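Next, two complexes with chain A in common: one pairs it with chain B, the other with chain C.
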Partner chain A sequence: MNKLVKRLGSSFLIIVIVTTMTFFLIRLMPGNPYQVMYHQFLMQGMNAQQAQDQVRSILNVSPNQPVWQQFIQWFTDLLHGSLGTSIQETGVPVTELIFNALPWTLVTVSIGLLLSFVIGIVLGVISATKRNSWLSGMIDNIGSIAHAVPAYVTAVALLYLFNVVWHIFPSSGAYGIMDTPGLNWSFISSFLYHMALPVSTYVLTGFGSWELAMKSTTITVINDDFMMAARLRGLTRQTQMRYLGWNSILPLFTGFMLSLGGMFGGSIFIEGTYSFPGIGALFATSIGSRDYPVMEGCFLLTTTTIILANVIADMFYTKLDPRIVD
Partner chain B sequence: MATIVDVKDLSIVFQTEKGVVPAVNHVDFCVNQGESVGIVGESGSGKSTIAFGLFDSVPSPGKIESGEITYNGNLSIRDLEEEKKRQFYWSKISMVFQAAQNTLNPILRIQNQIEDIAKAHRMDKKKAVQKAIELFETMYLDAKRVLKAYPHELSGGMKQRVSIALALLLEPKLVVLDEPTTALDVISQAAVLQILDRVRKEKGISLVFITHDISVIAEIVDRVIVMYAGKIVETGPVQKIITNPSHPYTQGLIASIPPLVGDLQSTHGLQGQPADTLHLPQGCAFASRCRHVLARCHEKQPPTIQIDHQSEVACYLYEEGRSDSA
Partner chain C sequence: MVLSNQVSKILLAASLAGSTLLLFAPQASAQSTTISIAGGWQTNGINNPLPQANGNIIDTGLSYAPLAWYKYTGNYDFWPVLAKSWKISRDGNTVTVTINPKAKWSNGSSVTAQDVYTTFEMQFIDGNAESWGLTGMRIINPMTIVFYKDPQFLYNKSMLLQQILNNNIILPAKNYASLLPSASLIFKTVKASNGNPKAKATITANNVLTQWQKKLDGYNFQDTSVLLYDGPWSFVRSTSAEELYQKNSYYVYANNIKAQQVMKLNQTSNDVTWRALENGQVDYAAVSFSPPVFKTVMSVHQNHFVAAPQSTGMSLLFNENTYPFTMVQVRQALAYMIDRPSVTKIGEPIETPSVKIPDGMTEVANQQWLSSTQRSSLNPYTYNPQKGTKLLLSVGFKKTANGWVMPNGNPFTMNIAAPTFSDWDAGIQAIASELTQQGIKTNADVMDSTIFYSTNGAGSGKFPVATRWWGGWNVYPSNTYNQIFFIDNNYSVSNSGQIQKQTGPNALNMPTAILVPKFGWVYPQKLTVAIEGNLSARAQNQAIYQLAKGYNYWLPALPIWNQLAGRTYSSQNWSWPNFKNDPSLLNMFTYQNPVVVFQSLGLMQPK
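On to the complex of A and B.
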């Protein structure tokens, strides 16, 4: 328990450091939205003081305020549970934007991640047990190619084939314009229909690395002495496969947990291509428009979830693998 | 005495990149009920391969090229279908593996591994655990602790004794022990060998010891089979082999055992290099190291010659009318 408190404490510190660094880093990018708005007001004929007051009244930030002062204000707000308001969608709280986008991302990415993990594990075991056969070679090649092709290429290819050429799946959005989100069949079926291409893209780009990783750990375990012993002990085929499966999948567990943490960030490329209203798309738009508060909110979310996933993975690993003692 | 296993003309080859290695070369031997046999030879002589051969389960790239392995006079293991073979393993023939420390599933408690064996052989789990507790206690193991332990929580010697106990769990007719005492200190070595000897006499099981060190097993084997370069060069009662070895290789092997006390000068290692199994000579494989080598030793394999009703040797020195020159 004491260990956990310590661990959470250091995680908190890392989160503070990372968000602080990103706060300053994003302000090194060319294009300061406060200055842009300030200059717009100047060009509209306001004098400097008026323009400055106008920006402050709209964005709650003085355009000429030093960055460190902005940081102190942002950090104080954060400690009070506020992430500020969006610049682009003026006045809308960042938390609201994030909570509106998060469910779409979480559902699609978790389905995509689980499917690609399961498919990768199964194919990896098949490839490892049928080593040196044409099947194994085919699985490995498909896995490597799927893994190597960038997500945005796969996304565009699927969009072209299944929307432009064959008109099977919709090109954008998370549900039909006639539906209202809720627990009704019309909405759920529309959501499933719209998520088909994004989820397929996650699976196609994701399963390859799991397949290759699972294959390599499985081959190592197959050649372990205890697997030979299990066979000569006459253990049933199911028991042998259980021994093989658990011992092979354990090393992949940390990676899986980190992917779970990473899924809160969604994918900028995939959600962007399909205009899917998730965190990835929100992130992409906020970067494009230099929407500092939204960017900071997204960074904070992804940093926190990945670091917490790491802590959880470490905690569970000691439960899953008896050889690891905390 | 009933024959437990009869091996006829067994040849096992390893297909390597450099060529075909004949690890076991036309070998005949049998093991009788209640008998304890030692198979002795240096590294690469094919003795461990024979152990896996007895299970018809030579690890890849090894392969049984020819030969018959018959159990109880009528059961040919090479003709057995997979499921029958699985049931045959461990209930009729079991093994203590060379690297016994690595033959337990690392992420499963010993008790669960015992239960898996019980399940595979339709034995009551509680009875199996009870039986294991008895065996552990005879091996001076803290049974309760061992049952609850994961393999990595046990010392090498403890794992070795667990491995031996597991081999005796289903009271098989034949136990093959591949270097069973190498990980043990001298005191536990003696204790474990005594236990094996007692179990053999009580239950009438047969033991096959595979070792490079004849002195360790001298006390508990009845008969010794000496192997060199995949062939049996001499067999006979253990007393005869130790006090009056016939084959020049066996003579060298016995002479190279260092005495417990006394002058190390009196031990003589064998001269020359172990046979290169990739390029075996046309004649006797030992000829290049032999002190009594004859011209025809290089030309043709020596025949197996019956010395008396219990002993055989494969050497020209003992051919009819030549025994005086030995």
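On to the complex of A and C.
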């Protein structure tokens, strides 16, 4: 229990450090929404004082306020549970934007992640057990290529083939305009139909790395003494495979947990390509408009979930693999 | 073998999953009376009445209507929409508008003078109404309203009518009146905000106004069913990809509207619309193209391209604080040495015209405001490097084996600053290459557009040469000359027309009087102020001609090309009017959503 508290305490510290760093780092990006808006008002004929008042009124911050003061204000708000309001979507709380986008990302990315993980694991085991055959070579090559091709290339290629050439899947959105979101078949079917291409992209770009990692760990495990003992003891093939699969998959567990944490960040490229209203698209839009509060909110979400996923992975790993001492 | 069987099973399962997914595919529900559009125009008025966090964005141009649509032609004509008639007083200081009794909201109630009053109260709060010189309004009867303009304020009749009738969609008092303070408080605060900028009362009034403005601009109606619409289509719902609108049967031109629904594609990026056009899913789109995509799109689904006139484009602004751009001959030499048609072909390869006469006005405006004799008296600066060379030599430049040397002994080099707009980037790269070949070592200094504009862009006076929008976004030339002779030159004019030099950044440092050889003195600021006011047709023509002449000689900026409004329409599902020979219809592609105007006028029929 003490260990858990210590771990959570150190995680909190890391989150504070990372978010503080990102707060200052994003302000080093070229461009500044306050100055851009301030100059726009000047160009509209306002005098400097009027323009400054206007920006302060709209953004709730002075254009010339020092960054450290902005940080103190932001951090105080954060401690009170507020991530501020969006610059681009005037007046809309960042938490509202994030919670509106989050479900779309979580559903698609978790399905994509699970499918790519399962496919990668199965293909990795097949490739390892048949490692001198043509099948192993083919699986490895496909896995390597799928892993190497950037997500946005895969997304555009799928879109071109399945939307422009074959007219099978829609090009954008999370559901049809005629459907009302809710627990009704029309909406659910429309959502499944619309998410086919984004999920396929996650699967295609994700399974390769799992397959290659799984193959590598399976080959290591296959030559372990306990596997040889199992063979010599004449255990059934099914039992041997269970031993092999369970022990090979363990090293991938941490990676999987980190991916679960990372999925809260969505994918800027995939969601952007398919106009999918998730966290990745929100993040991309906020970067484009230098919407600092939204960017900070997205960073905070991703950082927190990855760090917490790491903690959970560490805690569970000792339970899953008794060889690891707690 | 066992493994092959397993693989086969996996493949079979995958195929089954894919087939099942396809079964989810909703059946195509497109109706013959649905029109699909992408990109386009949003009328000025409100920010967004819907909860934006839910991804809802309303195209106010589809759901709300103005009092009238301006045709943007020389005869100052309008098509009436919600207004039945209007009258501007002889002195141009009062405008009386009578609402069409047939104009209704989407619940069947009448559009009244109170709705117009509420709409313009919001324009006062936003500070817009004062910029047109409005001082107040009065409701004469439920269907008639009078607008009052400050007699001291310089603003011509045509511009004032355009602002009142065309530029503002009329919003429902039922939705917005409760968000506003009382009328007397609004006008009292507006008046106080115009006092001495340093006075405490003025600052307080401005703060109050900005708070009201913030509330209005950011207000989201959580229950969208309460929203009333006076435009042709009422907003129904939206997703991240598209918006749906349903015909408003109470719309004043409802009988002419043939599209029962409008499906609007959310153009998150150009390629979203390109794909939809390639798939034949869009009837009208406002999107630009790369040449290969353009060719593909135009070859399918009866897609056609319209290059509608637009009052803007790219120019090079010369900072006359910086040597050698202090010399008019240098600016003129550069005008001769830059091959504008070639540069345009590179920057804007699809149907964009280069500037024929660099006088600050677009070709459409030139045709409209100047006679052929006047136009022919202007210098077109046709590409002629020899003339450029001659001009440079005449002011002491020397051409050496290493390029041009300035009279002060330094090499003549140029740095052209520009934001990362792909067309501008390509254009100035071409200019840089052209000038470098002619011995003026030129560098294209392309920077992130946020950085460029965060330093106030070309208007900052920080760059010796920078790219700049020109043309004023309006066919009437007061905007374009106001931009160059006032804003960039850091002058201001008081409401009563007093010209004042401001302190602060100055991108031009132009004189207040220019001696044009064989023509005489031209006073750019005075003339710009004059054309803002109400002049006789003859005096207006003379003032505009003098401004054109002064600009054409002095060349404070060199306009390179005239940006066109590139629009795509498909005649696959709808017949379109013959707009090519009708400038007023063609202008709608630039200034309005043509689908709204053409359907309202009964000019579009389903096929």
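Everything that follows uses one rule, which is that the second predicted complex is superposed on the first by the 326 of 326 C-alpha atoms of A that agree within 3 Å, B and C clash if a C-alpha of one lies under 4 Å from a C-alpha of the other, contacts with A are read in each partner's own complex, and residues count from 1 in each chain.
Please note the rule applied: a contact is a pair of C-beta atoms (placed from the backbone, for glycine too) under 8 Å apart; a residue touches a chain by one contact, two chains touch by 3 or more.
All values derive from a computational prediction rather than experimental measurement.
Once the two complexes are overlaid through chain A, chain B and chain C fit side by side, free of any clash as defined at the top of the document. When the two complexes are superposed, the chain touching more residues of chain A, out of chain B and chain C, is C. Of the two partner chains, chain B is the only one touched by A:D321; chain C is not.
Of the two partner chains placed by the overlay, only chain B lies in contact with A:R233; chain C stays clear of it. In the superposition on chain A, contact is made by A:W246 with chain B only, not with chain C.
Of the two partner chains, neither chain B nor chain C is touched by A:L183.
Within the superposed three-chain model, A:V5 lies out of touch with both chain B and chain C [touch as defined at top]. Legend: residue contacts after superposition of the two complexes on their common chain; A:L135 is shown touching chain C, with no touch to chain B. Of the two partner chains, chain C is the only one that A:N100 touches; chain B does not reach it.
When the shared chain is aligned, chain B comes close enough to touch A:D225, but chain C does not. Of all Cα pairs spanning chain B and chain C in the superposition, the closest are 14 Å apart.
Touched by chain B in one complex and by chain C in the other is not one residue of chain A. Partner chain A is touched in their complex by these residues of chain C: 3, 6-7, 10, 21-22, 24-26, 29, 47, 51-55, 131, 197-198, 203, 206-207, 210-211, 213-214, 217-218, 220, 237-244, 263, 265-266, 268-269, 272, 275-276, 278-279, 448, 450-451, 453-456, 459, 487, 492.
Only residues 224-226, 228-237, 239, 243, 246-247, 250, 321-323 of chain A touch chain B when the two sit together in their complex.
Remark: chain B residues 55, 57, 59, 86-91, 94-95, 97, 99, 102-109, 116-117, 119-121, 150, 152, 166 touch chain A in the complex.
Every residue of chain A that touches chain C in the complex is listed here, in rising order: 30-32, 35-36, 39-40, 42-43, 45, 47, 49-50, 53-54, 57-58, 89-93, 96-97, 100, 122, 126, 130, 135, 159, 163-164, 167-180, 186, 189-190, 192-193, 196, 272, 275-277, 281, 290.
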